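Structures are listed in the sections that come next.
What follows is chain A paired twice: with chain B in the first complex and chain C in the second.
Let's look at the complex of A and B:
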């Protein structure tokens, strides 16, 4: 079973929920798909080992064969090749690795190399958590291939908790693909509500069952509660706006390890989530 | 010359939009650009009156004409993104618009269609003109949309003869962040003294360094963890980034947000005067020769 933890806006407590839920459940796989800012391990401090590089194909142009015709630059939809007077110049960060330039080159001057844009790492912590994380290298633009490779690295069995990137764009879609349930984290503020509404649009469009956790409950007003009620969205949990939680967070300590009564609450919430997942046909 | 400053944070939720909108209300001659296109929130405080809406086209999408298609399957084998299934239908979420299938199709059955991926707005607010956007759900081209918003802001600055563009940037380190900082004069990184805040500050300052843009730092919610605040100060010293503001953990941003105001409009207290003082300093860097 795959459960994604997502939010329209960053900084609402996705990682907090993912880590604390993982620590409350026993044997799980925790998958940090926020590859631009993977933060789960800041709270778990596992000795991660490298599992795989993320390699994207990228063209290599043979200067001896190239006649400067410029067909590759014309074809590339991502402006990854520019034709200068000295010949074609490649901007590898812009390349999507579609292979089109190789097909169009009349001189067969283009071959392909691999380019490492990120890394998949894993570790085991607290005896119960298999932590997986993807990391996009600095200066690299494309998060989705890292997320896709990360998700295909983990096995099918057991409970998988997926910490998604914030927002509603393509990396979020990549992280939500094929999940069984999505928990949306928000704050009881105008920004929180605005971004929740966008996130709800995403999960509805993808047909994923979902519920909401209101974090820092008490800091703003009741507009998120009102919205969820009107839209018939289950509020799975309210985490209060308590200084102790904020301080533990700042130190990188998962709060269930100090405020142990919360483990039971997370377990109960997990039970609620499981009961909301429709049984798949054929299972 | 118009000067441009981008406010970013690496990590979300550190108070980036609180600070960029407060700056907008303090600047004399300003165009505002909300480049956090994925979770655009600034309009909730700016209450923009939309003057013009433009369609934003991202990457194209392949479309197969069933009347011309002979089901040869060459396109399916050529697409590297798995966007064409065995039934020879294009999955629009997977298609990255590379046009390889159009090129290889022997029957000319495939055309690349424009796809609307969002809207770009130009608006007027109580502080000046504003450029902002809405990205369609699950769209790929958020970096391109950021550039479109910045183009619109530059145009507004020319039209209304404004000296400053304040850009509210997106979180993260990927394509939309890169698009929001390339070619600007100054970056302000808003961070917080938490393990995540510090980690993301480090990553995002590497991005800024990679593109050789001068950067300043603001530490928000500083009294949540004084020890970490000191660590950030050390880190900034070693990277030669000046810390221009240290703000307390405070209810003011939330209270101001609830009534749709910037913190400096809302109240005159320690927090808002801290932001004011920071803008004074930032201006000096921004307009330094």
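Let's look at the complex of A and C:
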């Protein structure tokens, strides 16, 4: 079972929920898909080991065979190849690795090379959590291939909690693909509501069952509650705007380890989530 | 000889567009005969690599010099490898830019002066 923790707005508490939920459930795989800024391990402090490199295909052009016809540059939808009078110039960081230039080159002058853009790491913490994280290297632009490889590295069995990046763009779609349920974290502010509405549009379009957690409940206003009610969206949990939670967060301590009554609340919420997942045909 | 000036619209009174990769129009002009034309910037709405595509248009048009406000790193590497001179201007109309070019009062841009944007 795969449960994604996502949000439109950044800084609403995705990692807080992912980590505390993972610590409440027993044996789980926690997958940090926020590959531009993986931060689950700030709270878990595992000694991560490298699992594998993320390698993207990138063209290599044989200058002896190239006739400067420019078909590769014309074909590339990502503007990763320019044709100068001296021959093609390649911009590997713009390349999406589609391989189209290799197919259209009439001289077979282009072959496939590999370029390392990130790394998959893993570790085991608290005796119950297998932590996986992807890291996109600084200066690289494409998070989605790292996320896809990260997700495919993990076995099918057991409970998987996927900490998604913020927003509603490609890396979020890559994180949410094929999950059984999505928990959307928001805060009771106008910004929180605005971005929640965008995230709801995404999960609805992807056909993923979902519910909402309102973090820092008690601050701001009640418009998120009103919206969820009007849209028939289950509010799975309200985490109060409480000083102790904030202090623990600031010290990098998952709050369920100190406020242990919350473990039971997270377990109950997990039960609610499971009951909301439609049974797949054939299972 | 042809030069290019980035422009916000297609008239001689139009302001110089301060960005290269995502400028609205290219004014291609022969500063001696003053023959000119305005071209669409094909990369205006590109999701990534706008500078690369804009620089490719400069090569395809055979311009000797580009007058604009700022150029990102990818575009700059193409323009400099191709030997296209990049000249800096701030404000004014495209007609002013041509006059300044003819007077030789424009400064060269020797390195990328915009962070650009890397892919998506």
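Worth pointing out:
Keep in mind that, in the parts below, the second predicted complex is superposed on the first by the 283 of 283 C-alpha atoms of A that agree within 3 Å, B and C clash if a C-alpha of one lies under 4 Å from a C-alpha of the other, contacts with A are read in each partner's own complex, and residues count from 1 in each chain.
Keep this in mind: a residue touches a chain if its C-beta (ideal position, glycine included) is under 8 Å from a C-beta of that chain, and two chains touch if they have at least 3 such contacts.
Predicted model only: the values in this text are computed from it and were never measured.
When both complexes are overlaid on chain A, the residue A:84 reaches chain C alone and has no touch with chain B. In the superposition on chain A, contact of A:51 is made with neither chain B nor chain C.
When the two complexes are overlaid on their common chain A, residue A:142 makes contact with chain B and with chain C alike. Contacts of A:73 after superposition on the shared chain: chain C is touched, whereas chain B is not. Comparing chain B with chain C, more residues of chain A are touched by B. Contacts of A:190 after superposition on the shared chain: chain B is touched, whereas chain C is not.
Counting contacts by the rule stated earlier, residues 78, 96, 139-142, 170 of chain A appear in both its interface with chain B and its interface with chain C.
Of all the residues in chain C, the ones that touch chain A in their complex are 43, 46-50, 52-53, 55-56, 59, 74, 77-78, 81-82, 118-120.
Residue ranges of chain B in contact with chain A, taken from their complex: 10-14, 17, 38-39, 41, 44, 59-60, 78, 80-81, 93, 96-100, 103-104, 135, 137-140, 142-143, 170-178, 192-197, 199-200, 203, 206-207, 210, 224-225, 228, 249, 251, 254, 257-258, 260.
For chain A in complex with chain C, the touching residues are 73, 78-80, 82-86, 89, 91, 93-94, 96, 139-142, 170.
Residues 8-12, 15, 36-37, 39, 42-43, 57, 75, 77-78, 96-100, 103-104, 136, 138-143, 165-173, 189-191, 194-195, 198, 201-202, 205-206, 219-221, 246-247, 249-252 of chain A are the ones touching chain B in the complex.
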